[in-house]
Structure formats: C-alpha cells, structure tokens
Amino acid sequence: MRQFTQQVVVKAQGRRIYDITPQVLQWANQQGISTGLLTLYIQHTSASLMINENYDSDVLVDMQAFFNRLVPDGDHLFIHTTEGPDDMPAHVRTALTQTSLSIPIIEGKVALGQWQGVFLFEHRQEAMTRRVLMHVIGE
Amino acid sequence: MRQFTQQVVVKAQGRRIYDITPQVLQWANQQGISTGLLTLYIQHTSASLMINENYDSDVLVDMQAFFNRLVPDGDHLFIHTTEGPDDMPAHVRTALTQTSLSIPIIEGKVALGQWQGVFLFEHRQEAMTRRVLMHVIGE
Amino acid sequence: MRQFTQQVVVKAQGRRIYDITPQVLQWANQQGISTGLLTLYIQHTSASLMINENYDSDVLVDMQAFFNRLVPDGDHLFIHTTEGPDDMPAHVRTALTQTSLSIPIIEGKVALGQWQGVFLFEHRQEAMTRRVLMHVIGE
C-alpha cells in the first residue's frame, strides 16, 4: 500500500466556482495507483469543495444565484462582519457545502461519473489564494 | 492492508429517498475486514447520499418536504432548465447534501449508529439508474 | 501501513456548537503517523460535524442563528414530531451539514488550515451524550 500527497493552489479572483478537475485528475491518475482512495481537503473556512455537473456552465451560474439568495451578503442577522458583508455568508456557505471529499480510484482512474467535475467554490468577493490538499492511498 | 470495491445499483423510480443500508452492510461487513474505512461515492450530480434516521419513515417524508420547499421545482431564478423544471433543483439539492461518505469499520462492522441508515436521495422526477461505488480499506 | 481508532464523547448540554479540535488533535497527532488520513464520523442523526472558523466565536453565534432561521423549530411542514418541535429540524440540519469528515495527515500533523476548527453541531435542545469516531490510517 502506498500514499501520495500534493496540493492544488487556486488564485481565486473573487466569488466564483472554479473547475479544478484537470489539476486533480492530472496528478491523481498519474501516481500509479490501480485501486485506492483519493481525498480532497480545502484548508479554508470561506471557500469550499463541490462535485457537480461539468457540462453546462449555466449550472454554475444558477448554483451561485441560489446561494446568493439563500445566504445573502449584508444580512442583518449576522454580527460577525469583520471582513465585510460577505464574511459570515462565506462561512455559512462553507458549512452548507463540503470541506472534504473522497473518491475511489478504480482501474487506475479517479472514479468520477461521466458528468461530474470537481469545483472550488469561492465565497469571498475579494481575490484569495486557496489551497486544496490531495491525499491518495492505494496500490 | 487490503482493499475491496463494489457498486450498488439503484433503479430509482422518481424523486424519493431510497434506503440502501442493507446492500451496503451486506457487502461491507462480509469482506473480512476487522478495522478499516468504508467510503461510499455516488457518480451522479442530480442524486446524492445521506445518512439519517432509519426508524420512522415520516423523517423521509418530512426531509423531502423540506427540500421541496427550500429548492422548489420551476424556480424562475434558474436558467439551466434543459431537462425540465426539476433539473437545476436536483443539482442544488445535490450540492446541499453529500456525494461521498466515509464510515469507519470497527470490530468487523461498519460503525453506523443505532438509528442511522444510508440513503440514496434521488432528486429527479423521472426514473433513473444510479450507481453508488463502495471502497473498503483495512485489515 | 497502520490504523488506529478512538472515540470522542461529548456531553452536549443542548443546542450549541462544541469545539472538539483539542480532543481530535491530541489523539490524532500522537499516533506516530507521518503521512495518512484522519476520518471523523458522528454516530447520530440529530447532531453533525462541521469544520469552520475557530477564531471569532461570533461565527458560531451567527451560524446557529442562520440555521435557526432556515430550519425553525415547530415548523408546521413537519409531521415527525415524536421528540418535540426540535426533532425533525435536527434531522434536516444534520442532512445539510456533515456526518463524516476526512482530513489528510501531513508531516505528522492533521492538516487543518490556520483558521479551521472541528466542531460538533448539536441540534437538539435537550442534553445528549454524543459519540464521534476517529479513524487514522497511514504510516
């Protein structure tokens, strides 16, 4: 059994959903693992991970619109506004989505479904450098 | 250390919460693993995974009612309506729930709590064939 | 490759967000694992796990306020009220957050980000004893 770790660094340019599928697959599919488990972990509390449709980019537009309505910036409910009106909404959006994801590796490939992509969901309005850790175990 | 993989195929007959606990446990508890980790992964973006109460089926009725209200079909917010009024709501519901789940195996058993079941949460109205991958590592 | 398991027991005194980071790190960082994977798993359906900001406790106050508004107690939508007006809301809040979390171990440390803490999110109003399983694999 072997393990490998690596990180994906994303220079996020504001609130948007960034497709990191190419970086994830390029690394994970080249570690010589036939059967195993890939875990992705984002080291932040105002950006998160999401697996969703990779085909029609309108899905990402609508996803963003939904979260903007469900957890609006500047909500008077919130007292934690240290970093601005998008500060606490970013933490809530993170809580409602994923900080870690695990995907089996089968027959030498990360077993994403046909229409699945891996996304970094940036919830802050300003530019941020984000780190996603990748861990593979298998053989 | 050993690994095993298998899949559960669910022929979903429309939007509903399907209990897959029996299929998961029947396979995972019979791989001869005393200590390890089970990961479940659904290869879709309009159906998801959920661990929740397995005792009173009213919980599933209410869960469905809540998501129907929170993410209603035919919401005019959405532009991605290619596959109908339940298309984008299915992607949002997937984002709000789980695509992967990991459960420790302890003393030869998947360590579900007493009242926990594993469910496939189908978000599309039409019949769909869904695949859930299972990966076990341990010894 | 080695594995270890342990549990954190939390005597929750009602609906609140409990920081379990110290218990998790104290155990996981002392298993002599240089590279590996930590998985946390909560064996309940009315309490969940969350990774979020560990610095300003106002974040936890606001998080609770948001979930109280999104999934209010005593909602007439729900028919499952066996254990009171907070019963079904607790199951919904669990579905919207996490039952399992996986975090890589790198250079001998659980790779939490600088501002990340691990929290038990108790959704029931009454006192409950909660169990979080920890599983480490690595070497």
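By written order: A, B and C. Residues from 1 in each chain.
Convention: contacts are C-beta pairs under 8 Å (C-beta built on N, C-alpha and C of every residue); 3 or more make two chains touch, one makes a residue touch a chain.
All figures in this text were calculated on a predicted structure; none of them were measured in a lab.
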Compare the two sides of the chain B and chain C interface and say whether they are made mostly of the same residue numbers, over half shared, or of different ones.
different
Fit chain A to chain C on CA atoms, both being copies of the same sequence, and give the resulting rotation angle in degrees, nearest 5.
120
Find the geometric centre of each of chain B and chain C from their Cα atoms only, then give the gap between the two centres in Å, rounded to an integer.
20
If a residue has to touch 2 or more other chains to count, which residues of chain C qualify?
1, 37, 70, 96, 98, 102, 137
Using the touch definition up top, name the residues of chain B that touch chain C in the complex.
1, 35-37, 50-53, 56, 58-59, 61-63, 65-66, 69-70, 96-98, 101-104, 106, 111-116, 137-139
Could you list, by residue number, the parts of chain A that touch chain C in their complex?
1, 3, 5, 37, 39, 41-46, 70-71, 77-80, 82, 88, 91-92, 94-96, 98-100, 102, 131, 133-135, 137
